[in-house]
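Lettered A, B, C and D in written order, each chain numbered from 1.
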Amino acid sequence: MDPINTAMLIFWPAIFAFLLFTFRKNKKAAQWANMVFHLPWFWFLYQSCLLWRSSTADGMFPIVFNSDFFPLLKSNFALGLDGLNLPLIGLNVFLSFCLSLYALGKEKLSSSYLALFALLNAASVGSLMAADAFVFYIFWEAMLIPMFFLIGIWGSKNRVYAALKFFAFTMLGSLAMLAAILYLWVQPDIQSMGWHSIAQLGLLGDGLWSPRFWVFCGFLIAFLVKIPAWPLHVWLPDAHTEAPTGASVILAGVLLKLGVYGIARWCLALFPSIAVLDVVSFTMKVLALAGIILGSYGALRQTDIKRTIAYSSVAHLGFMLLGLFSFQLAGFQGAMFQNIAHGLSTGALFLIFGIIYDRTHTRELSDYGGLGIVNPRLSMLFVLSVMASIGLPGLPGFIGEFLILNGTFVLSPWFAFFACFGILLGAVYMLRIVRGMIYGETSSVLKSHPIKLSFSEWGSIIPMIIAMIVLGFWGQGLIAVTARASATIIYNLQGEILR
Amino acid sequence: MIFEGLRWILLAPLLGAVLNGVILQNKSAKISGLVATLASLVAFGFSVVACSQLSGLNSAPEQNFLIDPLFTWMSSGHVYVPFNLELTSITSVMLLVITGIGSLIHIYSISYLSEEESPWRFFSYLNLFLAAMLVLVLASNLAVVFLGWEGVGLCSYLLIGYWYKKPENTAAGMKAFITNRVGDIGFLIALFVAFSFFQTGDISRLAERVNDYAFLSSGVPTWAWYTFAGSLLWAATAKSAQIPLYIWLPDAMAGPTPVSALIHAATMVTSGIFLICRVWPLFAMSPVIVDAAFWIGMSTAWLAALIAVSQTDVKKVLAYSTVSQLGFMFVALGAGSPAAAFFHVITHACFKALLFLAAGSVIHGMHHKQEMSLMGGLKDKMKITHVCFLIGTLAIIGFPLTAGFFSKDMILAKVFAAQGVFGYILLLGAALLTAAYMFRAYTLCFWGGARSEYAQKAHESDPLMYMPLVVLAFLSLFIGWLELPEVFGHFTKITDWVHSSWYGVGVGEQAHLSHLAEWLLMLITSVLSLTVAYYSFKIYQRNPEFKILPEPLHKWSTNKFYVDEAFELLLIKPSMKAGRFINRISDETTFNGLANGSFRFTRLSGRLLALFHTGSVQTYAWHFVFWSSLIVGAIFLWTL
Amino acid sequence: MPIDFFDSSIFYLGPDDWKNLSPFILLFAGIAVLVVAASMRAKDLVLRTLSFSFLSGAAVLFFASLLSQGRFFLGSSMELGPMERIVAGGICLIAALSSLYVRGPDYARHSEWGALLLICVLGMCLLPTARNWVAFFVYLEVLSIPAYLLSALYSNREKSLEASMKYLMMGAFVSCFFLLGISLFFAVSGSFKFEAISVAMTAAAGPQQFLCFTAVALVFSSLAFKVSLFPFHFWAADVYQGAPAPIASFLAGATKLSVFSSIVLAFSECGLWDIPGVSLYVKLLGVLSVVLGAVMALTQSRLRRMLAYSGVVNAGFVALVLPNGLSVLPSVIGFLLVYALSVLICFAVHEIALLRLGRSMDDDLEINSFVELKSKLSPFYLVLLGFALLSLAGIPPLPGFFTKYVLLSVLAKNSAFLLLAVALIGTFLGLGFYLRSLVPMALYPAIDSKKTNSETSSSGASLTAIAATVFSLLVLFGFTYLQGLISSAELMAR
Amino acid sequence: MISLPVGELEFHVFVSIALFAIGAYGFLCKRSGLIALMCLELMLNGVNLFLMTFSKHHSSPDGASLFLFIVLVAAAEAAIALSIFVILSRRFGSVVLDDYRRLKG
C-alpha cells in the first residue's frame, strides 16, 4: 500500500499510451491491449483506496506522494488523495474501462486514438490528484492537447471549428489561472506552491478588491469555463456534437467534473474568505440559476439530439454550481454526489446514442422514431438513463439534486425555488427526446439501419446502468466517502460567514 | 414495534416487475399475467398478516405502529433520510385497498390484454406501479414518500403511453408526467421546509413537532408553516387532479382500462389526500390553507360535474366523475375532517374501480369502441356487467345503505357542521349533478335499442373479467358499514383508525350534530338524488341526445370549458416561445457571435496590416524612420 | 596622449587567457580552414562536416569554460562572464545544428557559406562580451555583413537575391542610425566605455536628458531592427521567406539570442534603463509587437512567413521584460534558446516536407499544402512539428511553457499587470496561429498522392530536427542548473 | 593645441546633421539602388564629421578610432552591395529598388 501506487495511477496510463503507439499496425490487438491495460489501473485504484481508508491524517488535503522534480519553480510533485478526488478518479477509471470495451471491434478507432485517450486519462487523473498549484496547472493544460486531437481528428463534419473553439475557450480560462499562479509564485513569503502553503498565505489581504480576490477570480474563471457556467458555455454544444462517442463520454464524464472539483478544491477550500463574500456568492448563484434555466431552454430548442444532451449537462452543472455555493454540508456533498451521478447518466446517454449514431450517422430527432419496436432492450436502457438524468428518485440524479436544493434552501430559498423549475424543464426536453426517438412508428432511418449491438457494446453499457441503479439506492456509501473532506471545507466556510 | 414482514410486501411486486420486465419477456398474456397476479397476491397476503399484527398490538397511542428499518438512503448535514417502512392504522387500510383492488385488476387484465403483442411490458409496469404505490404508502420519511410519489408518476407515464404506436397516447403520457412534475415541485418545497425548519423528514417526528411547546416557541417563522402546508396542497392538487392541474386525468384515459381503474381511480389519484391525512396535524396549523382546500375542492367538484354531464365517451364521463369525487374529498378535508375524506377515499376506490372495470368489459365486448352513442340495449346481452354497473352507479349517487351513501353523507354532515347551510347546499348541488350524469351514462349504455352493429354483436366477457366485478360489487355494497353515522349507533371504525395514526397528537373535533339534524340531512340528500336519478333514467331512455344543460353552457361543457386550450395559450406557448427567443439571443447571437466575431475581427485587421508590406525596401526604410521618430516624439511629450 | 583604447596588456596572453579565449581561437582556425576549403571548391559534404565539427567544438569549449573559468577581462573592450559563455555556447549550438542540413545542388557552386557562417557566429559570440560601443559596433557589423551574403547564397534565384538586397540595404541604413546614436553618446560623455557613459548619463540634466533619450532611442531602434520588433520588423518576413532554409533558421534564432542578451548587458551596464522614457519606449515596442505581430501571423498562409511573425511576437515578449535590469538575463536566454531550437525544428521539418513533396529547394509551402504530407511523411516528423509549434505556443508539458512561465514571472514580480495581461493575450492569439498551422496536417483526412523520392536524401534535415528536440528538452532540465548558476553569477557580477 | 571656438562646434554639428539628413532623404526617395548606396556613404560621412568634431571637442582619440572602423565597414558594405546589384542588374535587368517586390504580404 506504499504511496507509489497513487503515483502509478497517473503514470500507468501514460506508459500504456506509449505502449499503444507500438501497436501501429494492427488495430484489433491495440483495442484488446487497451482493454487489458485497464486491469492494473483498477488494481492501483484499489490500492489507493486502501491507502486512503487507512490514512488517518485529518488535514484538509493529505499528501500521499511527494518528490521534488523542479526546485527552480518553487514547486514539487505533490499528490494528494482524499474524499473529494477519490470518487472522481474511480469514475474516470470506470468510464475509461467501459469505453475500452466499447472500442473493441470498432473500425474507426485506431491505436493512436486509444493512445491519445490514455494520455487524456493520465492528465485528468493527474490534475485531480495534484496538490501543487504548478503541477495542477501543467496537468490541467495537458488535458487540452489530447482532447483537441480526439475531437479534431475523429470527430464528425465541422470538427475543426469545434476543436479550435474548445481549445480557445479552455485556454482563455486557464490563462487567467496562469496569471493567478504567477502572482502567487512571486509572492515574497511563499515557500512552495504546495496547496497547503497557499492556504496559509496570509498577506494577500481580504475584502472585495484585494489581491486575494483577484487570485480567487483567476482560478474561478478557469473552472467556470470548464464547468461550463452559463455565459462561457458556448463551446460545449459544439464540442459534444462533433466529438466521437468515446471523447464526448469522457468529456461529459470527467472533464466537466474537473471544473466542479476545481472550484471545491482550489477556490472554496483555498480562499474561503473570498468565496463567502455576498457579492461573489450571489453572482455565482445567479450564474448557476441562469445556467439551469437557459441551459434547459437551450436544450428545448435543439433538433440535434447530442446538442440537447449537451445543453442538459449545462443545466445539471448549473445545479452543482448552486450546490457548491450554498455553503451547507448538504449542498456541498450533494454537488460532489451529483458530479458522479451526472457523469454516469450523461455518459450512459452519450454512449447509447453513440452506438445508435455509429449505425445511423444522423443526429436529427426527426429522423428517429420507433426505436422501441426495433430494439426494445436498448430503448429500455435509454429510457432508464433519461430518467436518471431527469433526477427520478430511485436513481442517483435525484439524490444529488435533492441534497443540493436542500442545501441552497437554507440560505437562499428563492434560488432553490426557481431552480426547481430546472427540474421541470429537464423533464420536458428529455421526454421530448424519448418521445421522438423511442415511441411512434419506426422511422425510415431505423428501418434501413438495423440496430444490432455487438457483445462488447452491451458489455460497455450494462456496467454503467448497474452502477446507476446501485448508486440510486446505495448513495449513502458515496456520500460517506466525501463526508470528512467536505465537512472540513464547510466548517471553514461557515467560520468565515460568522466573521 | 419492529416487524420484518413489511419489506416483503414491497419486494413481491418489485420482484414480479423485474421478472416480467427483464427476464421472462414472453409474449403470452397468460404466463406474464399469472406471474404479475401472483406477485400482487403475495403482497396482499403479507399485508393481511401485517394488518393483523398491527391490530393485535394495542399499546400506547405513540407506539402503536410497526417499523421495519431497511437502510439509510442519504444523510448529509441537516438532511437525514432513513429508508424505513412504517405501518400505522391508516396505512394498513390503504394497504389492503391497494393490494386487494390491485390483485383484482391484475386478474381482470389477464383476459383484457389477451390479444396484445407485448403484454409482459404491461404487467411489469403494473407491478412496478404497485411497488411504487406501496413505497408511497409505507414510507416513514417524507423523502421516501416522494420516491414513491415520482415512481407512481413514472409508471402512470409508462402505462398511459403503453400503446405507443399512436402519437396521442404518448402525448397524453407526457402531459401526465409533466403536470405531475409541476406538483412535485410543490412537494419538494415542502420537503425543504421540513428539513431546514423542522429539522426532520419523519412523519411521526413531524407530527410531534405540533404539540412540543419548546419547538413552537423556538421561532419557526410563520411563513414556514404556511409554505409547508401550501406546497403540500399544491402537490396534492397535481396528483389528485384538482382545479389548476386536473387536465392530465381526462387525457390519461388513453391508457388501457385496467390502468385507468387501478391508477386513475383507486390508488394514485387518492395519494394526495392520503398524504394530507397522514400529515394532518401539521396541515391544520394553517387554517387559511384548509379553507383554500375547501374552495378548491368545491369548485373542482362543480366544474368536473358540469363537464361530465355532456361527455359522450364512457371513460371520459367516469374520469370527470373521479375528478368531481376527488373534489368532494378535498371539500371534506377543507371542512376539517380528514376521517370523512379518508372514508370517501376507500368507498370511492371500490365503486369507481367497479365502474371502470364494468366500462372496460363493455368496451371489450364492443371491440374497443368507447362512444356511448354507439352503445345501447346492452342490458340483456351483458347481464352480469349490467348488474355490476348498476350497483356501482347506485353506490356513487349514494343510494341508501350503499357505500357511497354513508361516506357522502358523512362529508355532507361535516360540511354542514363546519361551513353551515350555504356550503351544504353547494355540495348537495354537485351531488345531484353526479346522480344526473351517472344515470345518463347508465341508461345510454344499457337501456334503449342497440344503436350500432357493435352493440348488437356485444357479448358477455369471460369469467376472468366479471369475477373481479362481482367481488367489487359486493365490496361497494357493504364497505359502507365500517363507519355508521351517530344515528345508526356508535360504530366509527374509520375515525378511530385515522385519529390513532397521528402518533397520539390530538386535533380539535368539530361540533356534533343532533340526531334530528342528521336524520333530516340524510332524508333530504337521498330523496333529492333519487328523484334526479329517476328523472334522468326516464329521459335518457326515450331521447339519448337530451341536453341537461342550457345551450350556451352545454357547448362550453362539451369543449371542457376550453381549459386545455387556455393552458396552452396562456402558459405553455408563451413560456416556450420566450425560452427559445432568450436562448437564441443569449447563445447564438451574443456569445457565439462574440466568439466568432472576435476571430473574424483579428483576421480582418491582419489583412489590413498586410497592406503595409508593399515589399519595396524604401517603404520599409520609410517606416523605420517614421515610426521611430513618432514614438520618440510621443514619449518626449509624454515625459515632458 | 597615449591611446588607452588598446592598452599594451592586450598583446600578452597569460596561461588562463588561452583557456578563456580558446573557443574564439578555434573559431578563427575554423574560418581559415573553411576559406581554404572554399577556394578549393570542396564538395558540400566536406564543408558540412568541417563547419559542424568546428562549431560543435566551439560550443563544447564555451560550455566547458563555463564550469572552470570565472570572469575574464580583455582590456576594456571585452568581458567574458558566465552569461556571455552560455549565450555564445547556445549560438554555436544553433549554428552547428543548422549547418547540418545545408545541402542540395544550389550550395555546390557557393562553397564559401561555411566560412561566412563561422564569421557570423564569431560576431554573435563576441557581441555580448563588448564593453564599449566601438567594439559593439564592430561586432554588430561582423555579425550582419556575412548574414547579408549568406542570405544571398542561392545567387541564381531571384527570391534569395531580393531578400539579401533588402536585408543589406535596410541593415546598412539602420547601422547609420546606430552610429549616430553612439556618436551622441560620445558627444555627451566624451568616451565610448560603458562606465564613462553611465557616469555621464546619471550626471545629465535638463535638455541633455532629452539628448540622451534620443541617443538611446536611436541605438535601441536599430537593435530592435536586428531583432525584428514591431515597427522595424518589415524585413523579417521577406528574409525568412527568401533566404535559404538553414540560413533563415540560424539567423532567426541566433541573432535574437545574441542581440537581446547584448542589449540587456550593454544597457544595464550603461545604466540607460533609468533615463526617463526609455523603459516606456521599450515596453511600448514590446506591446505593439506582441499584439500586432500575433494579428499579422493569424492571416499568413505560408509557414515560413507565419514563423517570421511568430518571431516578432516572441521578440515582443522579451521586449516586455527587458527594462528590468540584469536579473532578467537568465530567463531571456532560456526563453530565446528554446525559441531558437523550436524554430530550427520547424524549418527542418519544412525542409523535409519540401523534399518529400518534390518541390524545388527555395519554394516555401502553403500551410494547407501540408495536407498531402500525411500520406508521404512518417507521422514521427508530424509529431516533431507538433511538438515544436505547441512548445512555441507555450502549452504546459512542453519546454516552451516553462521558459515562458519564468519570463512572465519577471513581469509579475515587478507587478506590471497590464503587461502581463498583454502577454497573456499574446499567448492566446499565438495559440490561434500555431494551432491553425497544425490543423491541416493533423485534422484533415489524408489525401494519398504518390510518394516522390527526391534526389537529395533528407537525412540531414531529420538529424537536425531530432537533435533540436533533444536539445530543447535538455534546456528544460538544464534550466535548474542555469538558475543555480545565475545566483552565483549575480554574486560575482559588478 | 588649438580648440575650436564654441561657436564653431554648433556649426560643425549642424553641417554633419545636415549631411546625415540629405543622405537619409536621398536613400528614401531616389529610385535607383546605386544612388541609394551613395546616399548611405553620405550618411556615414555625416556621422564621421560629427564624431571628429566631438573627438576634437573632448580631445580624446576614441572618436577617431571609431572613424576608422566606420570607413572600413562602409567599404565592406559598398563592396557587397555593389556585387549584389551587379548580379541583380545582370539577371533581372534593373537596379531600381521598387522593381523587387515579389516578397510581400
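Quick note on the criterion: contacts are C-beta pairs under 8 Å (C-beta built on N, C-alpha and C of every residue); 3 or more make two chains touch, one makes a residue touch a chain.
As the structure is a prediction and not an experimental result, all values here were calculated from the model.
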Chain occupying the middle, per Cα centroid: A
Centre-to-centre distance between chain B and chain A (centres being mean Cα positions), rounded to whole Å: 37
Intercentroid distance (Cα basis), chain D paired with chain C, Å: 27
Whole-Å gap separating chain B and chain D, where each centre is the average of the chain's CA atoms: 99
Gap in Å, rounded to a whole number, between the CA centres of chain C and chain A: 44
Two or more partner chains touched - positions in chain A: 168
Touching two or more other chains - residues of chain B: 610, 613, 615, 617, 621
For chain C, residues contacting two or more additional chains: 165-166, 169, 173, 237-238, 432
Which chain pairs touch, all of them: A-B, A-C, B-C, B-D, C-D
Chain D to chain B touching residues, read off their complex: 24, 27-29, 36, 97-98, 100-105
Interface residues, chain C side, partner chain D - complex: 1, 3, 5, 133-134, 137-138, 141, 145, 148-149, 152, 155-156, 158-159, 161-166, 168-169, 172-173, 175-176, 179-180, 182-183, 186-187, 190-192, 237-238, 241-242, 305
Chain C-touching residues of chain B, taken from the complex the two chains share: 599, 602-603, 605-607, 609-610, 612-613, 615, 617, 619-621, 623-624, 627-628, 631-632, 635-636, 638-639
Complex contacts: residues of chain A adjacent to chain B: 165, 168-169, 231-235, 294, 296-298, 300-301, 328-331, 333-334, 370, 372, 376, 380, 387, 392-394, 398-399, 402-403, 405-407, 409-410, 413, 416-417, 420-421, 423-425, 427-428, 431-432, 435, 438-441, 473-476, 479, 483, 490
Chain B residues touching chain D - in the complex, by the definition given at the top: 610, 613-618, 621-622, 625
